[in-house]
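This structure is in structure tokens; I'll ask about it shortly.
Labels A, B and C are assigned to the chains in the order they are written; within every chain, residues are numbered from 1.
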Amino acid sequence: MVNTIRHYFSVAACFARLAVQRQLEYPLFLFSWLLMIPIQYFSGIWMLKIIVDRFQPLNGWDFPELAFLYGLGLLSHGILVVLFINTWHIDNMVIQGAFDRLLLRPMNVFFQLIASYVNFIGLIDLIPGLIIFIYGCQLVGFEWTLGNIIKLLLVLLGGVLIRASLFISLGTIAFWTKRNASMVGFTLSMLERGTMYPLSIYPYVLQVIFTFIIPIGFISFYPAAEFLGKGSESFQLPLNFALATPAVGLVCFMLSQWIFRRGMKSYESAGS
Amino acid sequence: MLQAYWYITKMRLITSLTYRFEVFASVGTNLILMLASVFLWKAAYGNGTEQVQALTLQDLTTYTILSIMLASVFVCDVQDTIYSKIREGQIVTDFYRPIPLLACYLADDIGGMLSSMVNKVIPLFIFAALFFGVPWPASPLSFLLFIPSCLLSYAILWLLSALIGLIAFWVMELGNMGMVKDSIVRVLSGSIVPLWFFPESIQTISKFLPFQYTYQTPLGIYIGNIGVREGLMAMGIQLIWVVLLYVLLAAGWRRSKSKTLIQGG
Amino acid sequence: MEAVIEVNDLVKEYIIVQKENGLRGALKGLLFPKKKTVRGVDGISFSIAQGEIVGYIGPNGAGKSTTIKMLTGILHPTSGTIKVCGISPQADRKSVVRKLGVVFGQRTQLYWDLRLGESFELLRRIYQIDNSVFEENMAVLTDVLKLEEFIHTPVRQLSLGQRMRGDIAAAMLHSPSILFLDEPTIGLDADAKHAIRHFIKEINRKRGVTVILTTHDLDDVEQLCSRLVVVNHGKVVEDGPMVSLVHKLAPHRLLVVELQQPFHDLEHPSAEIIKQDGLKIWYQFEKSRISAAQLISELSQKLPIQDLSVKEPDIEDAIREVYKTT
């Protein structure tokens, strides 16, 4: 057991080192990312500010609260992009035979899939995330108590797991269809719109879907509502949302592992 | 000659139609963006706000729906096409072809546009009509002006994309410069939040940039926020931008071409 | 010798989507895709002993790659059984793949942007290769495959031949007892082909590595394989030692005669004229019916022969026969 862990750890470390080296081979890619990500997210929060300034708070969420929510959502997105980005490319791996190679090695396939590309460029996504979140915390007067910090970390963990589960399940589709790049785009925009605006602006049906079927409400909206002491007038769960997030995350993650294994079985029986 | 271009357009149309899964996903993506934006406006207008800056909720709903439909019609893959041809070293042989390359790439993108009209815009329009009612134009006249304005918008966007593609000739890599451009366009074109709501200073600067003439101009004409006279004037500015960007592209293209042919890619 | 690979009645079916031509076809496919079940591998059985070099050959689409993928545990068969070193690769993938080295000629497992040595370092960790074993293997591989000239070069800058040598080395680092090579010499120049064939012979001779090779290059087959398994349409059509296979499939020999002057009565009862070009005549005859010596002496009695040569059938003729008949 200890040996197995040491084995996996040493492989993960080597994968990570190689991933950094590979990413440094393409400086313009790095540079363009460094330009694009801040533009995208700072403009996103700026447009929310414009709307709130010209109109009114969105369903009772004023700008400081919106910034807190937006930042919280962006943080778990950033972590996902660093750790789980290979789940976006399963279709390519299947088509180009890279997935076959994973099956030819005496290690867990899912581990290889995730560990083989730690996306350090994704740390760039975390920069605007951190800035906007801390700015939001300042505006709403977030109290940095030990309890709140632990809660926050648990929420982030849960949020990352929920996002990862979604992309793992989606990536699995590639085992059947051989293509899913556009599904990734679809899910990314769904996650963006579902986690960075208050869920309560959407119709009741969508809120139910985003709570029980694709539980992305737990990534940022419910925890933020809990942290900020906001009651949602349209739809409410009688739970401690901030603590529900890691639980929901774990359940989703286990489910996604099951789906992934099903997908691999299908791949093995279908071939490419 | 035209037949050759039509062939390229048709091939692209056929290949685009084959990827059915992609089409569903793309419609779904745009639908989500549409729903999210419209509900955002609904929340902003909540509690009986009637008009903000002379715009009603209905105006902005129409604006948003049309904006998303335009975004899926305006296919500008030219930057990626140029990049991949350079990376594969195919661009040199392509230069020796008897027909102008950029025109081929345009024909290809037009094929993408036509297929998008069939398999993306129609479903999006139906969904939008079901959820929010048919997004009618302000008047028949504004619709008549909307169409040519859209063509000019597309010309601007396509030329911008081709200009970005030129970067690949000089650094042999493109990274995500296309996406950088897209994220700037998204904000400054008013495609999500019209620039009319932006601070005055930004609005002033934006008048001297090409971006607002890509989305805000045709959309403003469509919802009647830009009148006939102003509309015609805005289209004049669009035309100026098209000419300007075209001259820039032609010059840049010629230089890139001679550089590539001398160095052999 | 004990069998290291045993395959019994292997079947693999898959579903393909049929596409139609033209704009109408594209629109139709968008709404109603047509599906069809195809048998890629249709009841294949064979067993391979330790230390054999087996050529697994057949035309494109005959089911070669699919079989290799099943033997290596990537794909699961629709029916039939596989045992590699007594273990089913489907039941215990990790144990089986430790013993396998796999090279896909058209797909590299090396990191494109990194120096060749970096990929080896990763494999050392993945296969948990002991330092002493790793160094010993590296020394041997470097020597036989001449890796030292490019081990510090990024893989994307390697020539195809260098890359292939790197890929083969990568597959051999963990001392596998079975090596699968899928088109290892495709697109390579003569030198690189030679180096790779030499390497395969070496590891087979020195380490007793069993080699399964798919190829379209019949020189590979001729120089390396003691045994051939020929597949077509998903079925094994021939299986046996190369010499007897050639003999069985291409029993004809060719006698090429060049005359001094034109002559009328060229016929011979035991040989068939298959080609005539000016003064040159090609006689085809069966070894079992008449010996070359006898045919030559009989022909030389009546024909004004200037020059002659006997051509033995080669593997190429044999393979052509297989593809023709099935």
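Basically, a contact is a pair of C-beta atoms (placed from the backbone, for glycine too) under 8 Å apart; a residue touches a chain by one contact, two chains touch by 3 or more.
Since we're looking at a predicted model, the values are computed, not measured.
Visitor: Please identify the chain with the largest separation between its CA centroid and the CA centroid of subunit A.
Guide: In terms of C-alpha centroids, the chain at the greatest distance from subunit A is C.
Visitor: When A-B is set beside B-C, which has more C-beta pairs in contact?
Guide: A-B
Visitor: Just to be sure I understand: the centre of a chain is the mean of its C-alpha atoms, right? Then which chain's centre is nearest the mean of all of them?
Guide: Centroid comparison flags A as closest.
Visitor: Could you give the separation in Å between the centres of subunit A and subunit C, each centre being the mean of its C-alpha atoms?
Guide: Roughly 47 Å separates the two chain centres.
Visitor: State, to the nearest whole Å, the distance from the C-alpha centre of subunit A to the C-alpha centre of subunit B.
Guide: Comparing mean C-alpha positions, subunit B is 29 Å from subunit A.
Visitor: Express in whole angstrom the distance between the two chain centres, defined as the mean CA positions of subunit B and subunit C.
Guide: One centre to the other, that is 52 Å.
Visitor: Please name which positions on subunit B make contact with subunit C in the complex.
Guide: Those in contact with subunit C are residues 10, 13-15, 17-18, 20, 23, 119.
Visitor: For subunit B, which residues are in contact with subunit A within the complex?
Guide: Touch residues, subunit B against subunit A: 19, 21-22, 25-26, 28-29, 32-33, 35-36, 39-40, 42-47, 49, 52-53, 171, 173-177, 179-180, 183-184, 186-187, 192-193, 197-199.
Visitor: Could you list, by residue number, the parts of subunit A that touch subunit C in their complex?
Guide: Listed in rising order, the residues are 7, 10-11, 14-15, 18, 21-22, 25, 96-98, 100-101, 103-107, 265, 268-271.
Visitor: Under the stated contact criterion, what part of subunit C meets subunit B in this complex?
Guide: Of all residues in subunit C, those touching subunit B are 19, 22-23, 26-27, 29-30, 33.
Visitor: Where on subunit C is subunit A touching in the complex?
Guide: These residues of subunit C touch subunit A: 12, 14-15, 40, 66, 69, 72-76, 78, 90, 93-95, 97-98, 100, 102, 104, 107, 109, 111, 113-114, 118, 121-122, 125-128.
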